[in-house]
Amino acid sequence: MSEDLHAPSGDIYAPFGDIILLSHGAGGQLMAELIDRLFVAGFDNPVLRRREDSGVIEIAGSRLALTTDSFVVTPVVFPGGDIGKLAACGTVNDLAAAGAQPAAMAASFILEEGLEQALLRRVVESLRAAADEAGVAVVTGDTKVVPKGAADTLFITTAGVGLVPPNVEISASAARPGDAVLINGGIGEHGAAIMCAREGIDLQLDIGSDCAPLNRLVGALVEAGCDLHCMRDPTRGGVSAALNEIAEQSGVCIELDEESLPVAPAVQTACELLGLDPLQVANEGKMLVILPQQRAERALAAMRGAPYGAASTVIGRVLDGPAGRVQLRTAIGPTRIIDRPVGEPMPRIC
Amino acid sequence: MCLAIPMKVISIEGARAVVEQAGARRAVSVGLLDEVNAGDYVLVHAGYAIARVDEEEARHTLELVKQLAGPLDEPQGRPPGPVEGAA
Amino acid sequence: MKYVDEFRDPRAVAELVEAIRRINAPRARLMEVCGTHTMSIARYGLRELIEKQADLIAGPGCPVCVTAQGDIDWFLEAARLPGVIATTFGDMMRVPGSFSSLERARAQGAGVRVVYSPADAVELARRHPDRQVVFFGVGFETTAPAVAMSVLEARGEGVTNYSVFSAHKLIPPALKALVAAPDLAVDGFICPGHVSVIIGSRPYEFVAREHGVPCVIAGFEPVDVLQSVRMLLAQVAAGRSEVEIEYGRAVTPEGNPRARAIVGEVFEVVDARWRGLGDVPDSGLAFNAAHADMDARRRFDVEPPPAVEPAGCRCGEVLRGVIQPEECGLFGRRCTPREPVGACMVSSEGACAARYRYRRTESAK
């Protein structure tokens, strides 16, 4: 690959071949490749090969959605929430993306030596409150303590299970030309809030993370009989990563309208100042919904009447091709391609 | 290069100012500017205000853009003029 | 956003495009000197909008792209020293040096931190008096004043564990090298708006007067860029060559003398090596004697192995505007944002990255 481009000495620069970088966890191209080449290939089975947010398996005539997530966010407490709230919402939302209501949750804690118990208590309370809101209980868990420096304050790993209702066939490969693309509100809020809270960025935004449980919103959609094709909560890598994955797996082109993209002014300012693209910034309280155009009005009504859905709107459409592409119709006219982000978003000055 | 966005000065204390634009606020240095008052808009780059944004000039540029029927061989920008105290 | 939205108004853009299409002049080759202009042009698809009237060529104004391999290698070596916190703008993290990058070095345990402002680096130095905080000073005249200020602020507060590795460069000498080059054919320059905030319009006079090439100092929004193209085409059509300011709301003819004075307090002008342009006289900034103790080059005893340029990389020609990104054999094949070979692809505003990232739907590879 790249070896023959450099002097053949011992210390060859192999850009992405040999060690794990932070960018491998950022939800973009590098992470997708790592998952594909190492985990999907390594664990190889039909359910995993579908590459959905939750694994859906058949048990005793029912479809069970199973999901797992790790939460390693820094700072642990941020505007709009904390790692506990994030853990509950992230798990619930992964199940919701499969159309499932959460039936039970597990939560494992890895605690760094020296962690203040008051902080831990706060995190547990937040997790509990968010789980309560979603109507799910933490029925089992685990606790480990590691030496100082081996974990950044605390890590939480969760698992969640839920039943997928009959007549719900949601999949990342189910988007079809003619479908509408909807979202329940402003993009980029979580990632912007986290980055701006970081030491050295120090940008105060008038909004915080959008972290929220979306199972009731999804429940409303299922109940309204919306013939849902795809759903995805656009976390790391933002809307761009999520839609690129769907476009690729469904073999379609997804087109967004810049003028319809909801972006809160604070997020817009933060992104302009730091050189970020809101489409690549993480969300924790948003759900992308792809469904037949004829059902869009019905879906909007259902979403707007549900918690966290008041600002729901159509942001684009699914086209025939070119397959695997995501494109944006700019407000001033020309259309450009939205690539999957490569790695982690970083503030720029150029 | 470079990314710099206009932000409004909310308050000033010595060489530091708090600036704001559409829902975002930050403390920046105004040490690179001769004179700055609360209410001014400044361009913020890498945590420093590098210039004041001139409202009159902004309006002037937008008007020039609108004057699309104007004769094309006339200079349209701000004329260079005599340069005082240039380094 | 105020002072931004008005300059992105779709109707104004449409009218400007129409006005440009009506100008009676042969197709002009216009070079946007500044990388942020390259980004803006790509982001809004402006190239294709005015394709018949102008060929927009990206120039060498991407400070990340023109940072010499040797400088990156030096900074990487310093970052690996024990007790050092190497601070940098995010732009530099993924740029390949001869053997590695700051991102990889961080993964291997080097103390590398991304900062938004050099003031943040000084703050880090304040908070970690037992460590050495070195800042990677990359950027043109827009950024040098901020970095110079950070040095003065650190000194003023007795923060002695802060230093700067200056790879700062100056635009007018690069323009001088460009217009003197025999293989360059440019009908007009779109000059960097924010560099000009600092230096004013006078440093570009020689381009218009001695070389007969019109210059317009442009802002970064679509209306700014298109209005600047319009002004350049008008000059070409009328046979004029002058320096005009489109970005009047931020740029004055005299620029920001105070900022320049602050730069002069800390730095002096030296010859510098530019990736792609080679050695350009009087085009870089180095610490002067008065502040030599804050100069990272003097403070750290670091000697990287000789720099190695990757084979097949044509960043140099892209930077000089001699070829378009697509003409490089590696573009879109071996060299992509996902696996960049040269700096033009890594830098988010590099000509190649901008062309690749924001490629138009019709012409996508």
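Read from first to last, the chains carry the letters A, B and C; within each, the first residue is number 1.
Quick note on the criterion: contacts are C-beta pairs under 8 Å (C-beta built on N, C-alpha and C of every residue); 3 or more make two chains touch, one makes a residue touch a chain.
All figures in this text were calculated on a predicted structure; none of them were measured in a lab.
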Legend entry - Central chain of the complex, centres being mean CA coordinates: C
Legend entry - Comparison of A-C and A-B (more C-beta pairs in contact): A-C
Legend entry - Euclidean distance of C-alpha centroids - chain B vs chain C, Å: 20
Inset, instruction - With chain centres taken as the means of their Cα atoms, state the distance from chain A to chain B in Å. - result: 38
Inset, instruction - Could you please state the distance in Å, as a whole number, between where the Cα atoms of chain A are centred and where those of chain C are centred? - result: 34
Inset, instruction - Give the residues of chain C that touch two or more other chains, as numbers and ranges in rising order. - result: 1, 4, 35-36, 62-63, 89, 116-117, 120, 139, 143, 349
Inset, instruction - Provide the list of chain A residues touching at least two other chains, using ranges where the numbers run on. - result: 202, 265, 268-269, 272, 274-275, 348-350
Inset, instruction - Would you mind listing the residues of chain B that make contact with two or more other chains? - result: 1-3, 5, 21-22, 45-46
Legend entry - Footprint of chain C on chain A - complex, ascending: 1-2, 4-7, 11-13, 15-16, 19-23, 29-30, 199-202, 265, 268-269, 272, 274-275, 322, 325, 327, 330-337, 339, 342-343, 346-350
Legend entry - chain B residues touching chain A - in the complex, by the definition given at the top: 1-3, 5, 7, 21-27, 44-46
Inset, instruction - Write out the stretch or stretches of chain A touching chain B in their complex. - result: 196, 202-207, 264-270, 272-275, 348-350
Legend entry - For the chain C and chain B complex, residues of the former touching the latter: 1-4, 6-7, 12, 15-16, 18-19, 23, 34-36, 61-63, 89, 116-120, 139-140, 142-143, 145-146, 149, 153, 192, 194-195, 197-198, 200-202, 205, 216-217, 219, 223-224, 227, 230-231, 234, 237-238, 240, 242-262, 264, 349
Inset, instruction - In the complex, go through chain B and note every residue touching chain C. - result: 1-6, 8, 21-22, 29, 31-34, 41, 43, 45-48, 50-51, 53-55, 57-58, 60-62, 64-66, 68, 72-87
